[in-house]
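Shared between the two complexes below is chain A, which has chain B as its partner in the first and chain C in the second.
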Partner chain A sequence: MHNVIQAVILGVLIGGVYALMASGLTLVFGIMKVINVAQGALVILAAYLSYALFTHLHVDPFLSILVVTPAMFVLGVLVQVVFVRTLRGPDASELSLLVTWALALGIEGVLSVIFKTTFRATNPSYANRSWDVLGYQVSEVRVLAFCASAVLLLLLSVLLTRTRFGRSVRATVQNPTAAALLGVDERRVSTIGFGIGVSMAAAAGAVYGVLYPFNPGSHYDLISRLLSIVVLGGLGSLGGAVVAALLMGVTEAVVAVEISPTWAAFSFFVVLLVVLLVRPQGIFGLRERTL
Partner chain B sequence: MSRATAASLVRGGAFAAAGIAFPFVVHAAWIVNIGVLTLMYATLATAWNLFSGYTGYISLGQVAFFGLGAYTLGISFEHFGIGSGYNPLFALPVVGAGVALASLPVAWIALRTRHMTFAIVTLTLLFVVQQLAFNLHSLTHGSSGLMLPTPTFDIASYDRPFYLAMLALLLAALGLCWIVLRSKLGLMLLAIREDEEKARGLGVRVTGAKLVAWWLSIAITAMAGGVWAYYLTFIYPESAVDPLVMIGAVLMTFLGGRGTLWGPAIGAFVLVPAQQYLLTRLGASELYLVGYSAVFMVVLLVLPRGILPSLRDAIERTRERRRTHGKRITRREAAA
Partner chain C sequence: MTVTPARRLAAVLVTSVVLAAAVVASGTAAHARTSAGPIKIGISLSLSGDFSDSGKAAQRGYKLWRNVVNAHGGVLGRKVELIIQDDTSSPTQAATNYQNFITKDKVDLVFGPFSTLLTAPSASVANRYGYAFIEPAGGGPAVFQEKLHNVFFTQPAPALQSGDVFAKFLATLPKSQQPKTAAYPSLDDPFASPIADHVRGILEKRGVKTVYKTIYPSETTDMTPIIQKAASKHPDAIIGGTQNGDAYAQIKAMVQLKFSPKFVFLTNGPNDPAEFASKVGAKNVNGIFSTGDWFPQERSPGNAAFVKAYLAAYGGKSDTIDPTSAEAYAVGQVVQDVTKKIHSIDNKQIIATLHTGSWPTVEGVLRWNSIGEPQGSDLLVEWINGKLYPVFPASIALHKAVVPKPPWGG
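Presenting the complex of A and B:
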């Protein structure tokens, strides 16, 4: 039992970071029906940026979120304008899947040219410290990572529910045509929305670099998890993504201690297939009507 | 036989003849090697098109079954003894049919979801199979890779049997596509691509049609995987289930023209030699990746409909212009 509870704690802490990455993915899908396959690569890019800031300028990885996030927001806006907006026609959604995949390959390639393919990790002095809470080991960086993710997710939800911009985002998610008729500037919402989606990847990336060793190819592992999370939660549902991410974290951690670590990553795919068998639209997803 | 049927048969026959003659005329091993790869990608792209191009459901996981085919053949060497020389190649149809049959339950679950979700679920399949190849150590030897017995072919023309096997697969794939396009199944698939709800309302058995197309597509893909494994004699999880192979096949289909008969093969014939050239010139796989993604972007953003449809449009337009031009002259003559 002790092991299971320890695993659940670990799973929740990890799941929080994945929730942050997935929130950007599902937000972008909600607004413009675009699946950003490059989300994983953008996380890795941010991890490298934060790594570079840490090794060269000794900036704390958690502080570097404040630098990396705005920079990647600009990058996200550029990507949306150059690659995503140019796609038109009935296949635009499917084409965007492939364009962002190509973008992911491009990022992987550029990172491998600059940093080579050896694994890196951002190692601040507190990386290996942990607290002892009621007999359970709780790693300091994981708690920090979880808190940072929770704060950012909270900020995102405040942005979406309490501001004028958030209202236009939600309107576009629900019904783009009606929103446009009521004066929502869809292009602006899409561009800024994409930027925000990428910033979430950026913030999570800075944290990811502290938690795991990474190399340019790590984005495949990330994107397969992130896509499973957003599909499981229901495409476009922010709450669904958070629940699914926590579910994934806990499932993997528990399978790792109770069955075998080699099957941990696999277990979540089984959960995904079973859920899709019962609810093809995901846990909190709405049925796609047309598309 | 109608004229169109005769014309396509002649076209197919000429292509087959040229394809068979090629390795007997050109002996340089490195060229035949590029030929094998080109035919492999042409087969994969054509098979991908058979499902995704005709139904409009973009599957990003076909390469998972390429890997399954490769591993199935490799594992049968160890456990069943399927002979040497040409014999393993004759076992391929069984491998293909079996892998495709085994994929049906998963395909059924995935096809319950709609387009975008389907694409994502198939993409995760790719990672599932790769993970399985890592984890089922007793069968696949995990990350240390699976060694196949060295084929007992003459060194001087070592690549030729594989070339011919891939060519046979490509011809089979093209033949299947041709038959499907002219059959009732083809019409059903087209109806699904245009408007699935309406098709269902009209009594088209949409799930059945999609599954048949999926089965055919996967069977060919898995067989190509088998030939590839036997050719390389060494496979490991990252090489057998390589997202780059998947994206390559998709890219070639887009370049040539989705939903057309010859488009995917044409895309492969343009891209694979170029890709091999890039690979030898740039060497370092990092720069190669950057070049590859750049080509992909350009194709998607500039020529999203593909070579064949764009070409067809251009020809149509010039014909139209000539016709109206001709009319104008006759009108002027009439006035005179």
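Presenting the complex of A and C:
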């Protein structure tokens, strides 16, 4: 039982970080029906930026979020304007899949050239410390990472529910045509939305580099996890992404401890399959309205 | 046009005859060539693709050897010329490159590429044409199971036996200090888990109880649940078949879970003197064992000169020299010695001669069995006071091993 509880603690803390990464993905999909498969690569890019700031300028990785996030927001806006917005016609969604995949490979290539393919890790002095709580080891960075993720997700949620921009986003998610008729500038919403999606990846990336060793190829594994989280939670649903990410974190950790690490990643897909059989739209997804 | 079975058969027969003739012709040509001019050596290397970091390291080693040997008058009085082709880390391209070196470029000798994956098919091509295949980095079972007599692997031991040195070391400790239980968390990788399995086989026979073993898939990023499970069994030793990323994550997980076993041996990761400490924190390295085929401070034949020449040519620090460069350099050393001994660059004679005697290189003094498996032992290394030292076998030790492992620094 001790092992299971320890695993649940780990799973919840890690799930929070995955939720942050997935939030950007689900937001972008919600607004413009673009599946940004470069989200994983953007997370890794941010991990490298934060790593570089830490090693060369001794900027604390958690503080580096304040620098990396706005920088990556700008990058996201540029990517949307240059690559994604230009896609037109009925195949735009499918094409965006290819374009963002190309972006992912491009980022991987550039990182391989600059940083080589060896593993890196951002190692602040507190990276491996943990608190002893009732006999359970609670890693300090994981708690910090979870809190940072929670704060950012809360900010994102406030932005979406309490601001004029948020209302435009939600209107676009629910019914783009009606939103446009009511004067929502869909292009502006898409561009800013994409930028926010990327900046969520950026914040998560800075944290990711402290938690795990990474190399330019780490994004393949990340994106498969993130896509599963987003599908399980319901495409376009922020709350769904959070719940699904926590579910994934806990399932994987518990299965790895109690059964075998070989089945850990797979077990989450079993959950995904079962949920999709019962609720094809995901846990919090809305059934697509058809005419 | 329809192709009848008879016609197809005829076509196949004609092609085979032509190919066979070509093989015989080129084989003869290879043996007959004794002209002056430079000695041409064909090498396929992964200069792009997945293995490009290591491929380039091998290239540095080969080129350094060429420069050194040419500065000293070459091989048998002839200059050495390397013909290096990129194989994009693809086994088929590597095999094609060797085919071209031998049949089109008519090189005198060939040297091996990087990794077992590329060495196995390439060695077969070389074998078909009667070329010796002295190779720096193909030490896996795929290379040796072909049972080729032209293969010579220039590292002290085959890849899967590289962890055995840790078992040998444990046997030298007083009984009271030896571990009684062990856990084996290993990566699902042909060059990780089988090494730990081999060590486990030896230790189990010696009565060391296996309290936990698991093989995790390469996509496992979080090592904490696995280490947590291992820790709950309270093993004296953690023996992990690892690559770099998962090794770093295992150590971080042990520190975070405040689990400090008496022995930690990981097959890869801790053996990188330049990278390891920065990945797990300098306070958490002491007492960790790993293994390797070459170390910058090693007192092997020609090693000090190699390190000096390397730093002069490429800069950097000795700790950052990739062992692959030393392995490639050793290939050159072997060729230099064997040609000197037989006064010829005849491949048939080279193969026959290398199967006898022992050959001094920066990788140690090498001997091979009939299928090219080296008969030595890798080095056991340990982090002591924040530095990586060879500690076993005693003949190469630069520091006395420290056991048990001191507690984590946090």
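The rule is short, and it goes like this: the second predicted complex is superposed on the first by the 288 of 291 C-alpha atoms of A that agree within 3 Å, B and C clash if a C-alpha of one lies under 4 Å from a C-alpha of the other, contacts with A are read in each partner's own complex, and residues count from 1 in each chain.
Here is the rule we go by: a residue touches a chain if its C-beta (ideal position, glycine included) is under 8 Å from a C-beta of that chain, and two chains touch if they have at least 3 such contacts.
Because the structure is predicted, anything quoted here is derived from the model rather than measured.
Touch criterion not met for A:165: it reaches neither chain B nor chain C.
Of the two partner chains, chain B is the only one touched by A:235; chain C is not.
In the superposed pair of complexes, A:119 makes contact with chain C only, with no contact to chain B. When the shared chain is aligned, chain C comes close enough to touch A:213, but chain B does not. Set side by side, chain B and chain C differ in how many residues of chain A they touch, and the one touching more is B. Of the two partner chains, both chain B and chain C are touched by A:265. Residue overlap on chain A between its contacts with chain B in one complex and with chain C in the other: 117, 221, 262, 265.
Within the complex, the chain C residues that touch chain A are 52-53, 188, 214-217, 219-222, 224-226, 228-229, 232, 244-245, 248-249, 252, 255-258, 275, 278-281, 284, 408, 410.
Those residues of chain A whose C-beta lies close enough to touch chain C in the complex are 2-3, 6-7, 10, 14, 116-121, 123, 125, 127-130, 132, 137, 139, 212-215, 218, 221, 252-254, 256-257, 260-262, 264-265. Interface of chain B with chain A (complex): residues 58, 60, 106, 109-110, 112-117, 119-121, 123-124, 126-128, 131-132, 134-135, 197, 243-244, 247, 250-251, 254, 284-294, 296-297, 300-301, 304. Against chain B, in their complex, chain A makes its touches with residues 29, 33, 35, 37, 83, 86-87, 89, 91, 93-95, 97-99, 101-106, 108-110, 112-113, 117, 220-221, 224, 227-228, 230-231, 235, 262-263, 265-266, 269, 272-273, 276-277, 280-282, 288, 290-291.
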